[in-house]
Amino acid sequence: MTPRVPAEIRTAIEYLIYDAARLIDDDRLEDWIGLFAPQCRYRVTTRENVDQNLPIALIDCDSLGMIKDRVLSYREANIYNPHLDRHVIGNVRILGEQSGVYEVHSSYTAYQTNPEGETVLFSVGKYLDKIVLIDGEPRFQEHIVIADTWAVKNLLATPL
Amino acid sequence: MTPRVPAEIRTAIEYLIYDAARLIDDDRLEDWIGLFAPQCRYRVTTRENVDQNLPIALIDCDSLGMIKDRVLSYREANIYNPHLDRHVIGNVRILGEQSGVYEVHSSYTAYQTNPEGETVLFSVGKYLDKIVLIDGEPRFQEHIVIADTWAVKNLLATPL
Amino acid sequence: MTPRVPAEIRTAIEYLIYDAARLIDDDRLEDWIGLFAPQCRYRVTTRENVDQNLPIALIDCDSLGMIKDRVLSYREANIYNPHLDRHVIGNVRILGEQSGVYEVHSSYTAYQTNPEGETVLFSVGKYLDKIVLIDGEPRFQEHIVIADTWAVKNLLATPL
């Protein structure tokens, strides 16, 4: 069933998800933080953990403050793993809406390119987002990354 | 030329294609069957065969019953190749509409992730779909997968 | 901020970008040329060059004539590197509009498949396009490819 969502809200929700990817890829993590609602959660976990109902997550920030801290510490640590990020996101699909909260499913491919210009597949998986409108602009109440890939060769430095 | 299709029908058609991918990736193949019209075809072939006009297909189900049989036999056979599927679909483009049948082109990347959490590129290619509205909901009259990749390392178990 | 763009223009702009990919992938390069405005630029460069403000580009066609020449020379040279192209494009996002020029950001993955049916990742990166409406149909005023990948193993033959 296709939920009845006005076209302009559908577009705004898609753009939020695309902006999250674009700001990471353009290394604008401080702006990326601005896409979250004041009350929010950012979580990176694996399909394996979800399927087995394990509470383990690679990253679990349950407040905006924790997300900011994570970006700050990344800014200090990243000298050890210089790379470019690239996200290609497809299949953005609003599953439903309840009390103003939109549940949205999408699929991602994340690549990393090293300073020699070589690109490797870093991770594939899905986003399961809860999105709210704040002053007419969509924001992440929950931005949940569920990675299929968990045999990750590089440090999980930048957000997915 | 952009065909004049109402925004809500365009959305519903995109969601059908995304749902097909999502239901495969979430291993809900029985629900995936429900996306087909009563009279339908599901076909997986290669670009090579299409370009050379060869009638060969990797999979060719020309009825809903055949699609159901395929899923049933997959449920019995899959123990030999456990993996997660992930589809990232882009470029969904309605090419035209005739007598209520929408012809739709899209591109896909399909990945497989093994139980060790390692992801490999499985197949890339395109979908050429014919989609009809049944009681207002879009369904596949034809769901045709044309794979560029045919040197497939793993068994073609789950649908593409 | 989501720019206020009518849904049918948003669709037409997305379809232009998808058509560019589709016509390359279907080896219809002569039709691909038709997607450009009379005054146009097609440029393929790397993220490295852009970040360091270097004027170097892999391809830089600043007129429709140069783009046509490029396709002509490709038609003569391509026998040395036969392959299929596949583009999967995601994240198409209109950043803004000024005086009828739409600035559009998207991300791409480009694959090549050799005559043995083996697919390799060829390039990932982004498109930064300037798109205008000519007689109601969108056309590229600028189609700029900024590749993350520059350690390219194969000849950069077909357009990205």
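Going by the order they are written in, the chains are A, B and C; count residues from 1 in each one.
Methods note: contacts are C-beta pairs under 8 Å (C-beta built on N, C-alpha and C of every residue); 3 or more make two chains touch, one makes a residue touch a chain.
Given the structure is predicted, the values throughout are model-derived calculations rather than measurements.
> With over half of the numbers shared counting as same, classify the chain B/chain C interface as same or different.
different
> Nearest 5 degrees is plenty: how much rotation brings the CA atoms of chain A onto those of chain B?
The best-fit rotation has an angle of 120 degrees.
> Where the centres are mean C-alpha positions, what is the separation of chain B from chain C, in Å?
Computed from C-alpha means, the inter-chain centre distance equals 26 Å.
> Mind pulling the residue numbers of chain C that touch at least two other chains?
7, 88-90, 109, 121
> Enumerate the contact residues on chain B facing chain C in the complex.
Contact set of chain B toward chain C: 1-2, 4-5, 7, 10, 46-48, 88-93, 105, 107-109, 121, 123-126, 148-152.
> Quick one: which bits of chain A touch chain C in the complex? Just the residue numbers, please.
Chain A residues touching chain C: 7-8, 11-12, 14-15, 18-19, 21-22, 25, 84, 86-90, 109, 111, 113, 116-119, 121, 137.
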